[in-house]
Amino acid sequence: MVPVMDSLFLQQVLNGLITGSVYSLIAIGLTMIFGVMKISNFAQGDYSMVGAYTAVFVMAWVGGWLGWVGSVLAAAAVVGLLGVVTERLVFRPLMTRWTDIDMIMVSIGLFILLENLAQLFFGATPRMIDDPFGGRTINLGVASTSLLRLFCFVFAGVAIACLELFLNRSRMGVAIRATSQNRFAAQLMGIDINQVYRLTFGVGALLAGVGGVLYGTLFAIYPMMGALPTLKAFAVTILGGMGNIRGAIWGGLILGVAEALGGNYIAMEYKQAIGFFIIILVLLVKPSGLFGRKEGA
Amino acid sequence: MLNIENLKVAYGKAVALHDVSMRVEEGELVTLLGSNGAGKSTLLKTISGVNRALAGRILWKGQEIQNQPSHVVVNQGIIQVPEGRAVFPDLSVAENLRMGAFTRRDEDGVASDLEEVFELFPRLKERRQQLAGTLSGGEAQMLAIARGLLAAPKLLMLDEPSLGLAPVLREAIYRVIQQIYQEKGITILLVEQNARWALKVATRAYILENGRITMEDTGAALAANPDVQRAYLGH
Amino acid sequence: MGAILTTERLTKNFGGLTAVNDVSFSLEQGEILGLIGPNGAGKTTLINLISGAFPPSKGAILFEGRDITRDKAHTINTLGIARTFQVVRIFSRLTALENVLAAMVDRGRKGPWSLVWDSFFRRACALTEDKEACATADGLLEFVGISRYRDEQAGNMPYALTKRLEIARALATQPKLLLLDEPSSGLNPAELTGQIDLIQKINAQGTSILIIEHVMKVIMGISHRLIVLHYGEKIAEGEPEKVYNDPLVVEAYLGGDSDAQH
Amino acid sequence: MSARLRKILLWAAALVALFLVPHVVEDRYFMHIVVMAGIFTILTLSWNLLAGYTGQLNLGHAAFYGIGAYTSAILAMQTGLSPWLGLFAGGLVAAFFGLLLGFPALRLSGPYLAITTIGFAEILRLVAMNWVDLTRGSLGLSGVPLLTPIKIGDFTMQFYFERDYYYVVVAAVLFTLFCIRRLIGSEFGVTLQAMRDDEAGAQSIGINPSSYKLAVFTISAFFAGFAGGLFAHFARLVSPELLALHNTFDVLTMTMIGGLGTIAGPILGAVTLTFLSEALRYMEEVIKIDIRLIVYGLLLILTILFMREGLVGVIKNSWARMKGGR
């Protein structure tokens, strides 16, 4: 069946872009951490989960669109801090003697720990973030969407723009990029590598936390929700090339749209598997990802 | 200015430096010669705080700096230009240079140094906005040196600056190094394979073999020493 | 006699860099051929090409008259070429004995499934209890002089001896041609002498050898002929003494005198 | 010869002890746990064959477990195939999928391999959820037949109670252990470890890593499928849950805590954690919170940070210290 350019198609593309922008945000954090520290962090989705719960509490306390914006800021702060703490306690000790397997395993340990702690503290009942716009929708001519979803999209865009600004304009931002390109040379510039690690992990987690608020706005919030964003973020990251931030942006949008279209035109039941189909296909053709560089000589 | 005493460094089981002692005085250009795998890069990395010393001391103006984190060492003005044109490929030339001045807070000083560096390397000025990864080998090496200069070095350590460059570019690099030494008066520790040139410009030189210093003298004396050719060729 | 290995106009490009440029040479049966040149001259790349670590961009490699240009590393080994590495690549969590045993499997004839079959129906309970195989492996450890470390994890052995273990492992594949990439790097003078003796002992048993070495004492002492690479190109070839005094070679090693040219 | 004799005596003593367990402990719930520990032991041993001996991180191992369980259950329910044959059929089908997964896995490592294997398992889990005609979807297949009685002369062995399954599982674990020990000790096993330690070095002695990786993927999957079949006929319920990620995570936690890349480690890890988790479940009734998985996560992190060689390493070191002290 060939999708036609009807309004349903465009509607799905819009939906896909909105979810995709959230995937991008979460995946950028993952890809940054990988780029600088070569850590594949399976707990990334749990940072999003913590961000989402932070929003639940802030919304219950403040409410309204002010509360929603406040949620994002609070999630950024809480999860950023969580990232810094986990980097110091869990990942840093392994940096000098790490293997791929150790790093992945330890992050899986963190994943199991965080989601079960959440289960313990927040209970298993799914939560929702209230819609500060009271469910109003907006018609964009070719397609329509709720004001809230549009807001999420814009917010993801703003967050990504802020990150780009930070990485391109600030002294430490450029230091992070430099370290991911050549750690040894970065050390010779007088960059404190441990400070870069701390900052990278903090920012990477923060992005996942903010992404989590948006994710929680679009979907349900429950302690075990972290697995999906983790897997999606990995799919996106592999599509975009591990460590490649621009790649992660495109990868997220591609995955979002592919899921929306695939879910609608192929099979709804397999919507969650579309990302995997794509990455297995991509990896079969190009083992370093769609936008990835070939590593080594 | 820099004193190294009985330094020992190992990678796991493999001892790279056995017992190295050497010194660099202010205003000198000291050359370190040695064949592939002799431990020259290891020595520089250890001075820069990237490798750990198992034993021995590194003194900078009388202070022990061995096993300090690299950023602390760099803050003292001990700057290394690494081997193999290790620029940041996805940063622009300008950003690479800015990274060179990472530890500096004197914006005006950096700006005027940048002008000086551009005078020294006019090509870099033309290519300011270009990504460093797109530079040619010679340009990348120029950038690596320029980046080192922007750190306002008190001691500049150059690791095989001419490695893998075509003869014409090699000559250009040599001229720049001499210029930096003579005109700017920066103290230099040079690791170089081109023995003839490196000995000619050196005030003093050391020969490092299999992790040990085997000879030490003034550059001229070593160049005149009939053993050196053989020593360098390892006869 | 005749050539056991021939390369024809071998070229390898990495991106913009030409690491090996148009190199042709032959290695005679039973010969020790030394390969020298300054840092970055393309020596290791040449050995990587011959051993099949990656394919050349242009040119051909013939081993015993057979074209092995496009063969993979493991195939090339089964044909009779073994190698060592500049930085040792031993199996660090296996014992010295197991390192050698792993190399003794006749992989030209046995694939993985036939080894699976063997593990249930042929061998003694464990490979290390197979007296015949162990005797051969012990012989090799003895030959390179590291019997003392037989049951030591290779990762715990002194560095100098892991270089010998690597040679023993290469010999266990019964090569006709052995490629040695800087067998004496990181060794002290005493260890060096032992290494020279060992290489000559291997050659005396009829194995042809191609050796990269920067320690001139080693290379001049044992090579029958020398080849000099510079910027990826072969600039000299012949008797050690003759090559050593070749002005082009001296120039390559000592470098140009910049002032003399201006 | 005396060392050998001692070894034989030790094995004999262990076998007698294993035989006597159900006669000493009669509690059915306890026997249930022991059977589950046995099934997890087979899983950990098979996962470790891949991760511990070749360094390949397969995070989709639960898929093979599930495939084995579904195959054996469906064959028994729809074709009436003897469950005894079904166990091996389950293993073979899983092995086939292992080979299939092995192909893309050849070129991948680290995070790429990890995510591809997860994807493989998730896709199959969704298939199990949605191929309702075959699998009854998320409800799962209930009423999977028990293992059929074995008649030897006049003696008939029924498989009804946990203790009956106990003997089956003990036999299955011993069978797996035997196979894996033979494999690891042989030229095949040495080859795998060589590849794990240094792939380029392995190629230089004639090892073709791809073909060995495929073989190990296949063998590892076979035993996981075999374990899945055992579970199906024991629990009598097969659901898509079996293929879920957390099952793989349990297996890897057990292996890491026991000791990756050893034979004793996975066994030790599986048994310890199965019993620990039952103890914690028991504790839940007292303290009213379920801390089972919190403990899992914490243990996994602490193991990697402070106990790289797992329990086996700790035991080995303290044994060496005791010996050295004397």
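So that you can tell them apart, the chains are marked A, B, C and D in the order they are listed, and the count of residues begins at 1 in each.
The rule is simple: contacts are C-beta pairs under 8 Å (C-beta built on N, C-alpha and C of every residue); 3 or more make two chains touch, one makes a residue touch a chain.
Computed from a prediction, not measured in an experiment: that's the story for all the values here.
Any chain bridging chain C and chain D, meaning touching each of them, is missing here; the list is empty.
Touch-path distance (fewest steps) from chain A to chain D is 1. Taking each chain's centre as the average of its CA atoms, chain A and chain C sit 48 Å apart. With centres taken as mean Cα positions, chain B sits 42 Å from chain A. Per-chain CA centroids place chain B at a distance of 33 Å from chain C. Averaged C-alpha coordinates give centres for chain B and chain D that are 55 Å from one another.
Shared contact sites, meaning residues of chain C that touch two or more other chains, are absent. Among all residues of chain D, none touch two or more other chains. All chain pairs that count as touching, in label order, are A-B, A-D, B-C, C-D.
Those residues of chain A lying in contact with chain D across their complex are 34, 40, 90, 93-94, 100-102, 104-106, 108-117, 119-120, 227, 231, 234-235, 238, 242, 267, 269-270, 272-273, 275-277, 279-280, 283-284, 287. If you check the complex, the residues on chain A that touch chain B are 171, 174-175, 177-178, 181-182, 184-194. Contact residues on chain C toward chain B in their complex (touch as defined above): 16-17, 38-40, 156-159, 162, 182, 185-189, 214-217, 220, 244, 253-259, 261. If you check the complex, the residues on chain B that touch chain C are 12-16, 18, 35-37, 137, 160, 163-164, 167, 170-171, 174-175, 193-197, 200, 210-211, 229, 232-235. In the complex of the two chains, the chain C residues touching chain D come out as 51-53, 72-75, 77-78, 82-83, 85, 89-94, 98-99, 101-103, 105, 107-108, 110-113, 115-116, 118-120, 123, 125-128, 166, 169-170, 172-173.
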